[in-house]
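Each chain gets a letter, A, B, C and D, in the order it is written, and its residues are counted from 1.
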Amino acid sequence: MPIPAPNLYPDFNTIRLSHVCLNVSDLATSRKFYTDILGLQVSDESDSHIYLRAMEERGHHCVILQKSDQPGTVEVMGFKTFDEDDLDKAETYFRSKGRPTSWVERPYQGRTLLTSDNMGIPLEFYHKMDRLEPIHQKYALYRGVKPLRIDHFNCFSSNVDDSVAFYSDFGFRVTEYTEDDESKRLWAAWMHRKGGVHDMAFTNGKGPRMHHVAFWVPTPLNIIDLLDLMSTTGYVDNIERGPGRHGISNAFFLYILDPDGHRIEIYCSDYQTVDPDLEPIKWDLKDPQRQTLWGAAAPRSWFEHGTEFVGAEVKDSDLAATPIIAP
Amino acid sequence: MPIPAPNLYPDFNTIRLSHVCLNVSDLATSRKFYTDILGLQVSDESDSHIYLRAMEERGHHCVILQKSDQPGTVEVMGFKTFDEDDLDKAETYFRSKGRPTSWVERPYQGRTLLTSDNMGIPLEFYHKMDRLEPIHQKYALYRGVKPLRIDHFNCFSSNVDDSVAFYSDFGFRVTEYTEDDESKRLWAAWMHRKGGVHDMAFTNGKGPRMHHVAFWVPTPLNIIDLLDLMSTTGYVDNIERGPGRHGISNAFFLYILDPDGHRIEIYCSDYQTVDPDLEPIKWDLKDPQRQTLWGAAAPRSWFEHGTEFVGAEVKDSDLAATPIIAP
Amino acid sequence: MPIPAPNLYPDFNTIRLSHVCLNVSDLATSRKFYTDILGLQVSDESDSHIYLRAMEERGHHCVILQKSDQPGTVEVMGFKTFDEDDLDKAETYFRSKGRPTSWVERPYQGRTLLTSDNMGIPLEFYHKMDRLEPIHQKYALYRGVKPLRIDHFNCFSSNVDDSVAFYSDFGFRVTEYTEDDESKRLWAAWMHRKGGVHDMAFTNGKGPRMHHVAFWVPTPLNIIDLLDLMSTTGYVDNIERGPGRHGISNAFFLYILDPDGHRIEIYCSDYQTVDPDLEPIKWDLKDPQRQTLWGAAAPRSWFEHGTEFVGAEVKDSDLAATPIIAP
Amino acid sequence: MPIPAPNLYPDFNTIRLSHVCLNVSDLATSRKFYTDILGLQVSDESDSHIYLRAMEERGHHCVILQKSDQPGTVEVMGFKTFDEDDLDKAETYFRSKGRPTSWVERPYQGRTLLTSDNMGIPLEFYHKMDRLEPIHQKYALYRGVKPLRIDHFNCFSSNVDDSVAFYSDFGFRVTEYTEDDESKRLWAAWMHRKGGVHDMAFTNGKGPRMHHVAFWVPTPLNIIDLLDLMSTTGYVDNIERGPGRHGISNAFFLYILDPDGHRIEIYCSDYQTVDPDLEPIKWDLKDPQRQTLWGAAAPRSWFEHGTEFVGAEVKDSDLAATPIIAP
């Protein structure tokens, strides 16, 4: 049995994923993609950074675009805690696990703890972020795919069993997972805090690398609208996979690539997972409907391409099991 | 300021609304409505009861239809706690508030605490319910409006300020509310535990009575399909209000009446509310877009009709403020 | 039997409705409504006129906004013939019916015959109009309700039997109609040339007046998007009726008013009517599902408000039958 | 210039495609597919035939399933004429082209002329077919993908230029076409009578063979529902290509295979083509967005698999140009 029992009383309370800071080569090029195509709203911008939020979010940012000489890398993934005290508890916790911790200054955020996970993924935790006026009923502002909120991260891990054990220990609960039938090891797992299928998922592969960051949209028709828009505005080559229905999570999805190669998923229609006794759903790696309920295999790039984290050394996975790949 | 500060550390942890037991006059008539029209799935049935669940639920039931000589009344509203211990803490809590408590036998549920709120609404709390196999990917079973899960309760209260204070004390957090501009009293409020706009809402009026129970569906098109189906299968008179977009909650909605007059809302597209520092949104009672963003007023029946709770005495409200009612 | 047999071999071949010229008080105000809200594309504009087309149209215009000191009147309704010869045949035909005819200069149109129907509605017929490049796959241009094409006209007539007889004689075929059960006279009728439910419809009332002009959109969700947009950009009072499913035509609809009171219908999902032996569907005036399949009655304004045609004298109808009107 | 000028005054008036007779091995197996998955309604059935219609059709049948010892072949493609006289004119016409003609008995049809096109595709023409009661507002009958009407045929032709010339001569008008840039020959063409993008299309390849028959559905969401249903009821291997947006026609599509290998397209959202002066749209064979606007290539089977017509000899095409095929 490869899935750890959920830790219902973790040392500190993380309520949800919050934001990601992406390193990009050209802010103007990225701005166009993230506002016209993805439809995110600019909260603030400077010569070096653009802060963006989705339509129902009141926190200041869910994406930070950072001009960088390491474009196509990820600076940090952010999470929000339930309370201010949880930050101190988190510091104690990560130290006890031998992880580096420091308090960092982040614009628009209160006290922010920077640390990293067992694979070296840079993580930051905060409780307070500047709150903005609601815009979810300002329909004239909706653009592109009409994103409502950031939904989840997905990362390549060179050892998914280890990654899942690490996050499970501080309260992430597994909702679905893929097991390699021969080795009985995990090939992928989806873990949540906020009551959806996941805040964080791991996929076997050269890691740690970000596989994708996902945004929630109202309906599958918004995804079809996005495809029509991208196809006729010069972004047809940025479409990587989909649209389709995931077997895992049952969500409707599309994967696209931003101008620096960061993969973005557009996602809707998964299910509620707040029950602490929710039984994880197991999938076999060789089940063709695991990736796409409708049977279409993912392309090779989807299994191989990812964007590295700043300062995190990448290792090959020792799990050689192979998924079904499109010819 | 009429809204109490949220109690982030309540005496016990309620994770979500769970189910409602509705008294009906004829099980066959109700079964047809709840399965063919609403599309709920029968988990079990006998001469006296039918247990139903929605498509993504794994708990045994979200609706119990109970044959009764008091049809058109509500037996009890059910909630799930985070842990087994929370039931004992709840018992202590409700006793301390002077509410009656007892442990009751409920088929398919573990230990169940029966109590009532300050207005007399019968409430039951449990932690364990029989878990069933997932059916959310058995698409051949989807019928009617394709309900995914129970979403919330809405009750008339003769004193919304008192109701909100009572639920706030055990951890329900206000997301939106309507204030009567003259008296500065609450006319309505929406309160959540599970991370959506509400698990429970209160509306000013003769109470306590159930105003409605709501089910979540995938998209607005499912609601349009339902209207077409009801209109052409003998249920056109069971359509009460909608479809429309709520100002409050921003959800897309439809209100219908079951064969015994219990009001059902079909609901989708509200927003995520897990942030503990989420600012409640205030609406004025005289704002015509409060009820329906598109400006259409609700009919008189919507403000007056409700179904009583078994054993709860109904009182008139002393707040005379009047909403906008369709001519 | 109030419906004339269709004339399958009319004297000239009209292929479809084409355009309408609306008199408005302020071009800038109207431009904003027709481009931002309706989403029509400007083909050309001057100090006195704005020419607009919908997204799949290649003809130069389907709406002409004309600055006028008679704002809120309709200048003319336009139709396209199958061939150039049909214009001459039309001239002969209308003269034989005692209607005035003249050849007029219309920018972007070839030879154009101006005449009027038996009630005085100004009609113009042309065969050639400037053709523009396709834009239906330029998805970045889609805005507002994303209109694809003009779909139909609807006019008040003081004698629907007479109007139907007149249009039937030159080839318009009735698809659905409403009969007053007592007088056995027509209360309303829908007539087509192009293979949909109608190019032209008539409703009993003070006439002739334009009741509305309708635009076809892709799906009901575009109509919901429009309602959200209008509600939050200052146009909430321009929403008159809907959304709903028509009993007649089975189309999904919304009625809105432009800044000068011209009524616009947003319309989708009717059915194909190319069969010459298609049986007209009869509805009773007292059938509550005739107007809206879901049972909601239309408001009084919908039966009383219309916009007059320039130069056409308005008469009361002598058919006193009354439809179902919302309280 | 490979496209012939449209013949606006053909010798006889065909109004639309009407039906197809498909040879199948097992009626029960096919019935399940065509009613539960496609959602067609049975008009009549016997030991040898099943007659089916779509939801808005009032003609008796659009599909005939015929039990046969040549399963996976097509018996005949049917078309409806404007008038009874058109049948006699058609007889004269096809004889003048050297095609065989005979008058055949067809249940539920009036006089029926059997002939074949220049490649040997068996065609039948009729004017009268039994008319059935409307069911488009009997929403309880809607099932599967909720098909509204038959939309078009698509056939492999060994010489698309010749096929287009043949159909053009009796009034089919080209709306879009694909040219091989080197040979300047047609690789594919779409031709209509009824005012949509096509009643009949031809694709270069071993022919004549039926490539597919298509059904019109209300919205892209019905196609997504179908995919979910097929994927979870044993039909995942019957999904061949899609969903996607066609470059050509701009329609949203899905291709599936019936139990005998007949290809079915589910189709919606093309555009109106009634203008006689509609300019055909030209596409280059090497344009990757021709097949799918979103850039995904069709699989090899889509270019190679088809079902033969009874009695029609199949030849290889002499046009060697190759489209873009998925790896």
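Following the convention adopted for this analysis, contacts are C-beta pairs under 8 Å (C-beta built on N, C-alpha and C of every residue); 3 or more make two chains touch, one makes a residue touch a chain.
Because the structure is predicted, anything quoted here is derived from the model rather than measured.
Undergrad: I need the common contact partners of chain A and chain C, sorted by label.
TA: B, D
Undergrad: Please work out which of A-B and A-D is bridged by more C-beta pairs in contact, and write that pair.
TA: Higher C-beta contact count between the two pairs: A-B.
Undergrad: Any idea how many Å lie between the Cα centroids of chain A and chain D?
TA: Centre separation, chain A to chain D: 44 Å.
Undergrad: Rounded to a whole Å, what is the gap between the Cα centroids of chain A and chain B?
TA: 33
Undergrad: Mind pulling the chain B residues that touch 2 or more other chains?
TA: 137, 219-221, 228, 231-232, 293
Undergrad: Which chain B residues qualify as touching chain A in the complex?
TA: 8, 15-16, 56, 58-59, 80, 82-83, 128, 131, 134, 136-137, 148-149, 194-195, 218-221, 247, 250, 269, 271-272, 274-279, 281, 293
Undergrad: List the residues on chain A that touch chain C in their complex, please.
TA: Interface residues on the chain A side: 137-140, 219, 221, 225, 228-229, 231-233.
Undergrad: For the complex, which residues does chain D have touching chain A?
TA: Touching chain A: residues 219-221, 224, 227-228, 230-232, 236-237, 239, 243, 245, 252, 288-289, 293-295, 326-327 of chain D.
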